[in-house]
Amino acid sequence: MTFAGKDILTTVGMKKNELIEVLGISAKMEGIVRNERVSTLLQDKVVAVLFLEPSTRTRLSFETAVKRLGAKAITVSDAKTSSGAKGETLADMAKTVEGYVDCIVVRQPTVGGAQIIADAVDIPVINGGDGAGQHPTQALLDLYTMQKERGNLEGLKVAMVGDLKFGRTVHSLTYALSPFNPKEYMFCAPDALQIQESIVNDMRAKGISCVKTASIEKALQADVLYMTRIQKERFEDLAEYEKLKGSYVLTREILFKGNKDITIMHPLPRVDEISSDVDDLPNAAYFRQAHNGVYVRMALLALVMGRA
Amino acid sequence: MTFAGKDILTTVGMKKNELIEVLGISAKMEGIVRNERVSTLLQDKVVAVLFLEPSTRTRLSFETAVKRLGAKAITVSDAKTSSGAKGETLADMAKTVEGYVDCIVVRQPTVGGAQIIADAVDIPVINGGDGAGQHPTQALLDLYTMQKERGNLEGLKVAMVGDLKFGRTVHSLTYALSPFNPKEYMFCAPDALQIQESIVNDMRAKGISCVKTASIEKALQADVLYMTRIQKERFEDLAEYEKLKGSYVLTREILFKGNKDITIMHPLPRVDEISSDVDDLPNAAYFRQAHNGVYVRMALLALVMGRA
Amino acid sequence: MTFAGKDILTTVGMKKNELIEVLGISAKMEGIVRNERVSTLLQDKVVAVLFLEPSTRTRLSFETAVKRLGAKAITVSDAKTSSGAKGETLADMAKTVEGYVDCIVVRQPTVGGAQIIADAVDIPVINGGDGAGQHPTQALLDLYTMQKERGNLEGLKVAMVGDLKFGRTVHSLTYALSPFNPKEYMFCAPDALQIQESIVNDMRAKGISCVKTASIEKALQADVLYMTRIQKERFEDLAEYEKLKGSYVLTREILFKGNKDITIMHPLPRVDEISSDVDDLPNAAYFRQAHNGVYVRMALLALVMGRA
């Protein structure tokens, strides 16, 4: 398959060879950034980076990717200043911007919004997150990070911890990693925030062993520990929240009870679910994971614009 | 005349040969964008794009123009973060920014604000819209679009529909097209939103036939149909609004009653005054019109910085 | 000393030879801007310009510096859209952005915040103002301006007028100029807004003559008159404010009572503490002072990235 001219809207349905292609180009991009810092690969391109809901981290990561490829960015970083405020549809906005740029990166709060934009225009569209829907570049940078940290994506035992019910990144990652024959998925969360049964069923249908647990100590036996934040606002009973949250905080101390070789990931931002004394451990991969986002987004930009 | 070092504050008073020069350079710029995508013409220039009131569409169009010319932009996209909030005058802000950049593009809500800035600084200033005042780059991109869509600007029959009383773009266009001997201006609006008599008188004094009508079906006989939005907030009596608005909605169905060769324009954003089933007709020029804005703004930037 | 890889967090403790080095490189940068307009010196660099509180003037000055050096900027211009809103610490934000860019410029409202960021990352950090704390690039551009306007930084008689109690720029300047053997510091303010005694003591310990006065007419005898704004909100008694503010307004008329050769500076924005009829006098250096900020910030960027 060629990615040229295609949209990147979801990782659902991406084939293993496509995922491997993205990871390979990402590694090339990392080489470019480490050696030349800035490339001229896309110097004749202009990219619209439309963040119609705030997400500084992801926006800056995309803009860095655009600029390290030598391309130019035009940016919307605030929904309130957008024409949407005047009642314009997403499709109309996209059809206008289509005439300005060579590619659209869009983040907005409506599930399916990126698809609407992709349907409206002929240029490539990259989904930077559509509400509770998809966030494919996050799932791809998670894969890239696992591959780099573990040396190989095949046969991993991955524990996901925290808010597995509402956590978009966990859902995407579960599917994106599935073609790489994971040995086991361990879903570690309080009952109220456990993963949907439908996802577990999908994974089991692919032959992946799935375990649910409420104990973070079990999760510490995995190869990869994927931490997420438990959001206070998900609880009706705040006392319940206060009781639970402490059980899902990763500290240096409890890490010693687990696999010494474990890789710790987190989509960030964190609040207090990983103690800062963990940051200095070689296992703490979450800032490297954030940095990998630039390489993966460079790869996707180059691929869809036919230059990779 | 040479545009080098001049300001672009209004189309009022622009001579026919000046308009023709802008249109000619715009066509060159379109060629550059279609072939090379990005130029190095202004690679040593920095342009301030100061949007002190929100207008994403126009801001992105100007930034695209700056970047496709190889120039760099520094941008303000939100009034609230500007020094104006600290009580600074427009003139002081401009005199500061003058030392940073080679050209200022400004949009702000006060009629005459762009003139104040132009008076304060020695570098060229381009008015990106000053409240209910002027929006010269919109008028010029409207002319450029008519010329491209019709093949020739001379002798056109142009119908303007919607809010002609408050619509800034309609006023500017009426004057900007006038040197090209329009055959007829048809002003199509409910009485409450009809064009000012003074504008009609000005046009008749230039020998242009002017017709007022409340019927969009008459307007459909023109060469060019320039649609605008009827704003709810202009009506004291909402029942009146609800009764009227349906009469000024363009649908595929009513278009069949008119000139088959008609060119449909709209300054965008639209809300529901053009039905989306019109978008696929070859006559629907409004997204091309928006795209043309980039070429016209490139032309103006290059002209005032002496590089066209 | 070499600045390569270092942070610029404060001017306190900067040695005279370091200050002289910065001023010398700033002059080179001014030459580049006057002749080539844009350089390729940092064309392989990306700089994060993180303004977590609004300050359009300083942000645009830094972005201009980045772009005139050929580097690329990724920008945050609004606290509300930052991940800080999700409870992320400054250190976490910085450790993420560290992987995107080659240098961080940061403005944020907490005293010591720039130091926290510098401690968290290995790349150079430039403090663009940390609340009531330091604003080193302002102090350095003030020195650069005095040197250009007076021909020499040594032995100046400098009067500072206005809000000396809360005015961050006055505090920084007082220390930054001190190695250049000022002949006299004159602190001109109403009692309620006079400079802290500790600063006066520090300066006297360096052998600098210090005078406090409430009379702006005395201040007019200095070589340099550094005006600042008296902020209404500092006064509990508004009647007191109204009575005082008029005494610290600089007009063309009262200037004739002072040193004809005086250099008038102001960190801007001004509200009404300098009458606009002063702007045309050759002595009025405050807009040139603002423009100098670009050269000084270019110098600092080039220095910390090891290219000056």
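Every chain is named by a letter (A, B and C) in the order it is written, and numbering of its residues begins at 1.
Note that a contact is a pair of C-beta atoms (placed from the backbone, for glycine too) under 8 Å apart; a residue touches a chain by one contact, two chains touch by 3 or more.
What you are looking at is a predicted structure, and each value in this text was computed from that prediction instead of being measured.
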Same or different residue numbers at the chain B/chain C copy interface, by half rule: different
Chain A onto chain B, rotation angle from CA fit, given as a multiple of 5 degrees: 120
Cα-centroid distance, chain B relative to chain C, in whole angstrom: 40
Where chain B touches two or more other chains, by residue: 77-78
Residues on chain B engaged by chain C in the complex (per definition of touch): 43-46, 48, 72, 74, 76-78, 80-83, 85-88, 91-93, 95-102
Contacting residues of chain C [partner chain B, same complex]: 36-38, 51, 54-57, 60-61, 63-64, 67-68, 77-78, 268-271, 276, 279, 287-288, 290-291, 294
